[in-house]
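Below you'll find a set of structures to go through.
Note that chain A is present in both complexes that follow, paired respectively with chain B and with chain C.
Now for the complex of A and B:
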């Protein structure tokens, strides 16, 4: 069981990756996290006609004790909790191995400064924040993680794997950067197979076909639900705003998927009723915005607050923290282990619109499709400072959108609230322009 | 009701009709199993057993482009033969134009309307291969993906083979080439090497008419036939192996890009998830790769529309017939209630 067929990354020169922060400071940061979450939720509650079923998700976020208890019981029974980053880790495999994945990305400003002690200055805030968030145990779920799986998507994630390995066992999933050729796809299938072997070694039991099939179908259901939720925003009557959808999707980072799905189903039913009863949250002429670019991860809802408080509404996005998270299904027609692994590896590589891949044409197609389907008036391109991959792609996209005369605005920002005023002015001008264009 | 289910129903119905359809009609084919398809002029055919015993003017005495085999017990078959049988047999009997033209026109008409739609939905050999695939799936065995090299090779080979068949069909009637002596052996290489010629008689309770090894030509043909039969049986492990080299399929493929059944793709809706490629029984990459053109008909496609069935995006893939959408891809709706854990 302990013998591994393939050696995982072994950190031979570990250093004591300790952040020099005293307990009091950590407590302060933790409290701050709850405070900011509450402020965010407060802002989101302000709108009229908000769905009542959002309460479950609010509770799940603020009070994680129940989930922690659940996971601790699960661990006591011999289950493993696995921390994951990005949308490229096949969750079905993890569930089928009898483990539970928790997505660990974070958008919390306060953990950036402490994390800079062990990180270089010029990397994106998401990496800094995630490392700080987890090292400082602001996220209580982090302590429960046995393994962290990090796909080697962008440079930040790659090196984050190395730094986190001082602290905990980290598995990397080597991702091909050019997914258009056969070789990379075969390579990725092998990687997924390797992950399966590692998981089998970890738990000491084989992943069975039946179990994997069960979880593929279950998560397929989740995809269908999420798509249904997104489709509710297609029509002219808007009953749920962008913030809420982002928020709901991000509670799935850590929540029990079965319970989460049930609650989302309730939410969808309520929203459908709201559409019938004309209980809209904004009037129909509100400018419709598509969000793209770097992921906005809780509690960094700054940009969404600004947009939706300035009289626009976010109808769709292609972010890995919301619109892409559960969007892609694993369709397959035969249930042999081989074809299931192939389907899974395809699901987590091919349709994902991450900018780490060699070209962004597929992402542009997706954006154009979103604009057409959701009848969007404009696109807001969010770039986290120092997120190079999104920055690179902006140029191509802006030139194309100029040609197609689709309004596009680039907002480059950080997690701090400092530039909120400036962004607000720019977004308000942009929204005014959109209203004038109609 | 999804497309694949409709297709299975159509396939089973077509299989029963083509193979056992003769039971449902009152007038029987009473010709011998080596009878030519169209009525031969008597001065060309000398052998007694080739003299027709019936007149060929019944409706069902027509042919169908895909494998509706002649070697099935004459009681059970619905049509006379398949298109390849017809096309390669016309030269040897010097059938007059007025006799074979109606059949040829019918063939071309069906090609222009349906092309390889017939392979995916109607062909009994295709249905048999799908059945083999189904058995494998039920046994829980992995399918073997044909290496790209073979896919490419078969794509070219089938046209070489098709050309060879037509050349031989004509060459054996030209005295100067000296092949007329071997007319009996070289006649109908298409059928003598076709897996259907072995499979169909067996499932209709006849004998497959075993090969003669009495001269080198027969031995070579028998070896090729065995090779083709094993490729056909390999469909148990791979999908639709025989369809990759089937001469009728090759012939129908030529009509695939201009026929009335059009497969359309909306490149913007496509997320490039690769599902269409993975479920394709012919390992076709066109639907998956195409990102600029709208029409994604491909020479190699058997029009089974599995890609359309499995595509997870609304309206990304559409099948149009005469400009009217008959099938379109739909995303799956969540089930309303689900209470298992």
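Now for the complex of A and C:
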């Protein structure tokens, strides 16, 4: 096992800035998170024929007691909980090392203002909320994290890693900017190998070949399951809406993966029955929408509520917080440690449509594929204000879509509710436009 | 005989157009004020009075505009974007001898919009200003106060300037302080006012270009009554835009046409049902 430890953040100069909030304010923010989550869920329950198996996921989000208990017991026995960001961290390695990953959520408006005390003004709400979430411990599960792994995807994530490293142990996962050349790929494989070594140093034991294989196969099952869930919306009979799919996928951020898979299986079985029995949630003429752009992370469901309350339905997305999460399997022919690490590296790099990479052609391919497969009527392009990489790519995509006559609308917004009225007008007009085209 | 109404509740004014058997017969405009529901009621009653009708004579009512849901009557709502397209296509046929309208620029009190149409008058794309008021009617109102110059004089002053200043700020609040510092520097009012018109025109055409503007361009909304604005927009675009006879009621007209179409469909369905 390699002994070299390479801390990215030495912090020879301490980061003195602090978020000044009192316990009462933190309690208020935590309560508000539950309150807003409940409001979201109430809106999602309004439609008819919603699957009864959604109840498990609702409870898992609102009451994390059981999950906390599980993880505390796990930690008492020496287990490590690892917080992760983005979709580039190989979860298979973490499980194989005997650790548990939790994906950090960062979609809560109330965490922004406190975080602004220690952050520059002109950065996106997702980064602000990530910092706020971690400092304010809005999610009690985050307190259990021993390490946080942050891929150096966008600039915000890099600098966030530096700030957080003053308060807890942070590992970065260095990402290449261009994934289409051999040097980048080698660099990335090295990073994944380094992560493996760091995990082994953390736990004091080597990751065994057969254990890694076991988890790769286990997560294959999860990928297959998620694909099955997405494919339920390919047909004309819609039995689950975009909000529910986003929500279910995001409960996997923190839930026990084995239990989560069992519950998703039950949900899929129920939804399949609903298709057979014609228990649809919207009529067949409902305009079908593909979501793309910056991730919509719970409880920031504003845009999805507006779309689906205005008479359209989201049938697919290419989001890292939904349709891209778990979507790709690691492709393997032989099971040596070398090929497993290479396959994992490829899985978390090549098919990922994140806009941080130098070009967006792969993302466009994926979008066009989704539009055709899910018979979409239009695409809604969400940009979190100051999310520059998605904003950059919009222009190329909009010109291409104009040529291909694919209806597209850009919605630039933040986590606050104040622009909901204006967004509603735009979305309604877009839906009226889609209906008039038929 | 059928009577239908289109009600457009904007941020500054409320507008109504009445159609009798599909033809516009009356319209009315009032200030929206603080109570959009009351404004909608009174402007609708006023328009109906003009043709000697009242509320019970209405067969179908469609509301639109930012206050479309705040009013407690009407059969249906439609967005001001779709309504504007319908109204513009109708008026384009009447006033422009059937020449195809391909784009619409709409400057209202709170919103600026660009709408792009295909050959058959269907919307292919549209763009709206962000939540700030720069480039809208409200922007000029704010500046008029800072300049202590009534709005009525704005157009004449703007057209009389030979050296419009450049206003850099894109935010209403910052533009206001920029204007105040220009006043302090004793820059003539007419040059400041002309500069403001130019700045709005530039922002609006930028927005329209991102949406894919192409001639023939139809310019409506309250802002279209401002001839200085029209002139600067034409300069920015490099070609003429067409302002209809009643630019403020195009959206209400579109809503009334939508109401008429809906009523016909409903009657057709009822007939089929019998």
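The rule is short, and it goes like this: the second predicted complex is superposed on the first by the 428 of 438 C-alpha atoms of A that agree within 3 Å, B and C clash if a C-alpha of one lies under 4 Å from a C-alpha of the other, contacts with A are read in each partner's own complex, and residues count from 1 in each chain.
Methods note: a residue touches a chain if its C-beta (ideal position, glycine included) is under 8 Å from a C-beta of that chain, and two chains touch if they have at least 3 such contacts.
The structure displayed is predicted, hence computed values, not measured ones.
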Query raised in the report: When the two structures are superposed on chain A, do chain B and chain C clash or fit side by side?
Result: fit
Query raised in the report: With the two structures laid over each other on chain A, which partner does A:337 touch: chain B (first), chain C (second), both, or neither?
Result: first
Query raised in the report: Counting only touches as set out at the top, which of chain B and chain C does A:402 meet: first, second, both, neither?
Result: second
Requested in this report: With the two complexes superposed on chain A, say which partner A:362 touches: chain B (first), chain C (second), both, or neither.
Outcome: first
Query raised in the report: Which partner does A:432 contact after superposing on A: first (chain B), second (chain C), both, neither?
Result: second
Query raised in the report: More residues of chain A in touch with chain C or with chain B?
Result: B
Query raised in the report: What is the contact status of A:10 with respect to chain B (first) and chain C (second): first, second, both, or neither?
Result: neither
Requested in this report: Look at A:228 in the shared chain and tell me whether it touches chain B only, chain C only, both, or neither; answer first, second, both or neither.
Outcome: first
Requested in this report: Would you give the minimum C-alpha distance from chain B to chain C, in Å, for the three-chain superposition?
Outcome: 25
Query raised in the report: Where on chain A is chain C touching in the complex?
Result: 402, 405, 407-409, 412, 418-419, 421-422, 425-426, 428-429, 432-433, 436-437
Report summary line: Listed in rising order, the residues of chain A that touch chain B in the complex are 182, 185, 209, 220-221, 223-225, 227-228, 258, 265, 328-329, 331-339, 342-343, 346-347, 350-351, 353, 361-362, 365-366, 368-369, 372
Report summary line: The residues of chain B that touch chain A in their complex are 4, 137, 140-143, 148, 267-275, 278-279, 291, 306, 310, 312, 331-335, 338, 341
Query raised in the report: Which residues, counting only chain C, touch chain A once they are in their complex?
Result: 66, 78-82, 111, 122-126, 128, 130-131, 212
